[in-house]
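Letters A, B and C mark the chains as written, and numbering starts fresh at 1 in each.
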């Protein structure tokens, strides 16, 4: 197929067709009104044309029914588009419950992807076909935007916050990853490739792990290297709260408010620990700003997530990590 | 008199008040235009400060602890004194406008000088407050640090002081501009330029001065009195 | 009433000739001309940058300039065009010139402040030019933090100062016009007899007065952050870079209406005049301007749909965005209906106005795509958005500005340009414009992000089309400059009312008297009573 005659990018995710359908619908609506007005303007301009500057037009000043019609009808059509588009939007930003989780960091000028089992890659991303994938990401420096045109989704990478996009690829192949938010000199070079593979090929690819253990196990190592474990003792006897079963739960703070323990709260607690102190504890935790980078924070989050008391819990069990020689993953 | 002139369009008729500009028909129209213009200008000022107030509110909700800690570093005594000084200056300004309206030249000059003196007092106190912040390394971007007890919220505290300096600094800049305005008005009053028929500059400067005063009335509790009961 | 003197007529142009008589003038007409000069210069500068951008993008590789240079080019193109062309073009040039004339006033309410506005504008422009000449700036015209505050090593401060200063020019002009419209109307000129251009300027002024201070403070906050090391948006301290975007767009989205409302007003004048008809649905067109100005303040976050705002606030802002589209649709339908059963005289301003209708229509309708949440996620920050806002800003605002400029040119200069040349130029611009920006819609949906110096090869064909269109567009604009300047030297005497238009500005001589009218005009009827009135023929 010649690329010249392409009007839409490949539909490579479950959402792509939904977005395109809406797109074609709006094209239909706008084309109708656009052509209608153009035809009328040209027709009137030709039909009522005169070269006599002294002629005057008909004494028409307006029509309330017409005004109402062309206010209300476009409004109703707008509401249809609005409702439809909002539905698509919710689908785009609400990942299904069971997803394959991947962490990512935007940094001038590259995308660093981190798989849970430990495998990391730069400017390439390997994912299996037919399985929902959720990418949680932030930026190390300025704003970026993680954009998968063939999956019709993007979100800004904002330093200090986590963003997510999700997609479920429907066919194997390779497509662009762009940075869509201007980020400086090589903004246009911040391009990667997402490779969608058959699940078996994906497993084979993953197993080519260079060692270093899962992300959670890296987090566990970091947890002890930074001496977090001297206060956050799992039986709750430490100076800090136990972190077992905390991720996804709610905590009461010293000022009485309730906070959801999510990625953002864990990150904030590591970097500005005295801001939201859990009720019953003293604000004694020092900041780890500068001691741990974004990827380290992600590893820690993944470790906290893995601390589940019930064995049937989430991702990787806390004991699984091998505390072998620490790989130099924190290249600060 | 001039109503008729306005309607018949005989606007170039001379012999009007010397301060009536050529493109207005009457002094009244000129005064109304000036008043409307001044109020519109004050609306723009409200929105100008509004951006900073919005940032303030957002971060206060997010970083309440830091706001409390930052606020405790400010001196209520100096801030309170300055509040009284500014309210006093609004009174003297109102008296100046009243004196101009009733045509008491000497009183106008006196009240204006009083307003300027109070404004200057405010600024001098502010200088001492700022110096204190430099001494305690509470100036953001300039060797900023906080005591060890607050190390975990040093970042948000720096935001607090960034907003403190930006907001009070802008306010002080408005005071300085006001001081300049007052100087001009006082000189004009000294030259006997005002009359009960035309004292618009005094009135407009008064509006401006009251606005600057009101900004401080908001700034003082927002910056100095965050949760001082603790 | 004209021609009472046989001697050469005194007008605002020939009254005095010294340089000082221009630089110290308080005459709104001369100030309007002075804006015309500076804005035209800025348009040339911005256009030069645009040409270089399109040259570079003709090939996928970055082979003409370096990435840093390219980033500076699109930034400076945006800064020059937005702050120094689009925002001042119609209000400060045409508004200054015709607003007091339309009101039957001798001048604006505050002539000295009006002159001050011009100086403030020029000083802001000089700062920005200085920043451009001494190294440029590469943040994008949006100055997003933390790139602008921490990462960029270019002249952000100097450009920011330029924009900050220019903002006050815009505030003062808006304030001046609002007071003028409230207090300086001729006897009998009630609100509903005002020309629609005045309504448009009034709505614009409202936005200038309410919105511009917010960008001023935002740029100031950026300046203290960058210059003094303060931290208001700094994520390293826990600051929120997205707050900058909220504050920025709280102004900069309404700023879009500063750019488009006045040209819409000019279009209403031109369409009514050359259809020889009352504008269809006068009060709907008038109030739609106000509605756009007010609703325009409630939609800023639609620039942030992928910037991590909550999905529910995204819903609200999407809905409000559709709401603000309705008044624009109402205007378009009313303009179309105005042509119905008119006596349509296809002179050059009318051709420009019709071209405006076509391009603005595309710009407005493509806004429905960007407002649709599910589609915007895909097209946000792509060439689709670039194409969309160029259709509004250039296809809408600049075409409307040219329609107005061609309409009032004989009033401003007393000379008539070549009608044929103007029509040819309009068609060239129309064709060139569509060829430039039409392909960009497809590029955007295909996924090409904006602000890309280099791009994957599959995007080349459409980019070449776009660059080809840009060269046609450039020819059109140069042609306009040539015949307008030529008309000053050898243009025919235009006469006081060459278009046989209604409106007070056409009742005085061309160019107008220094104080506009010999006698105070009195108004007894609506603005566009063509069908009732026996038109004065000179």
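We adopt the following convention: a contact is a pair of C-beta atoms (placed from the backbone, for glycine too) under 8 Å apart; a residue touches a chain by one contact, two chains touch by 3 or more.
As the structure is a prediction and not an experimental result, all values here were calculated from the model.
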Interface with more contacting C-beta pairs, comparing A-B to A-C: A-C
Chain nearest the global centroid, as defined over all protein CA atoms shown: C
Gap in Å, rounded to a whole number, between the CA centres of subunit C and subunit B: 34
Rounded Å distance, subunit A centre to subunit B centre (Cα mean): 45
Centre-of-Cα separation between subunit C and subunit A, whole angstrom: 36
Residues within subunit A bordering two or more other chains: 272, 275, 289
In subunit B, residues with contacts to at least two other chains: 63, 155-156
Overlap residues in subunit C, where contacts from two or more other chains coincide: 236, 238-240
Subunit B partner contacts - residues on subunit C that touch it in the complex: 105-111, 113, 171, 175-176, 178-180, 182-184, 187, 209-214, 216-218, 220-221, 224-225, 228-232, 234, 236-240, 243, 246-247, 250, 515, 519-522
Subunit A contact footprint on subunit B (complex, rising order): 63-66, 150-156
In the complex, subunit A residues that touch subunit C: 3-4, 6-9, 18-19, 22-23, 26, 29-30, 33-34, 37-38, 40-42, 44-45, 48-63, 66-67, 70-71, 74-75, 78-79, 81-82, 84-94, 108, 141-143, 145, 147, 149-150, 152-156, 158-161, 163, 176, 178-189, 191, 271-272, 275, 289
Complex contact set, residues of subunit B against subunit C: 6-12, 21-23, 29, 32-33, 36-37, 40-41, 43-45, 47-52, 54-55, 58-59, 62-63, 140-142, 155-156, 158-159, 162-163, 165-166, 170
Of subunit C, residues touching subunit A in the complex: 62, 67-68, 71, 138, 140, 144, 146-147, 150-152, 235-236, 238-242, 275-278, 280-284, 305-308, 311, 314-315, 318-319, 322-323, 325-326, 329-330, 332-334, 336-337, 339-346, 354, 357-358, 361-362, 365-366, 368-369, 371-378, 380-382, 442, 445-447, 449-456, 458, 461, 499-500, 530-532, 535, 537
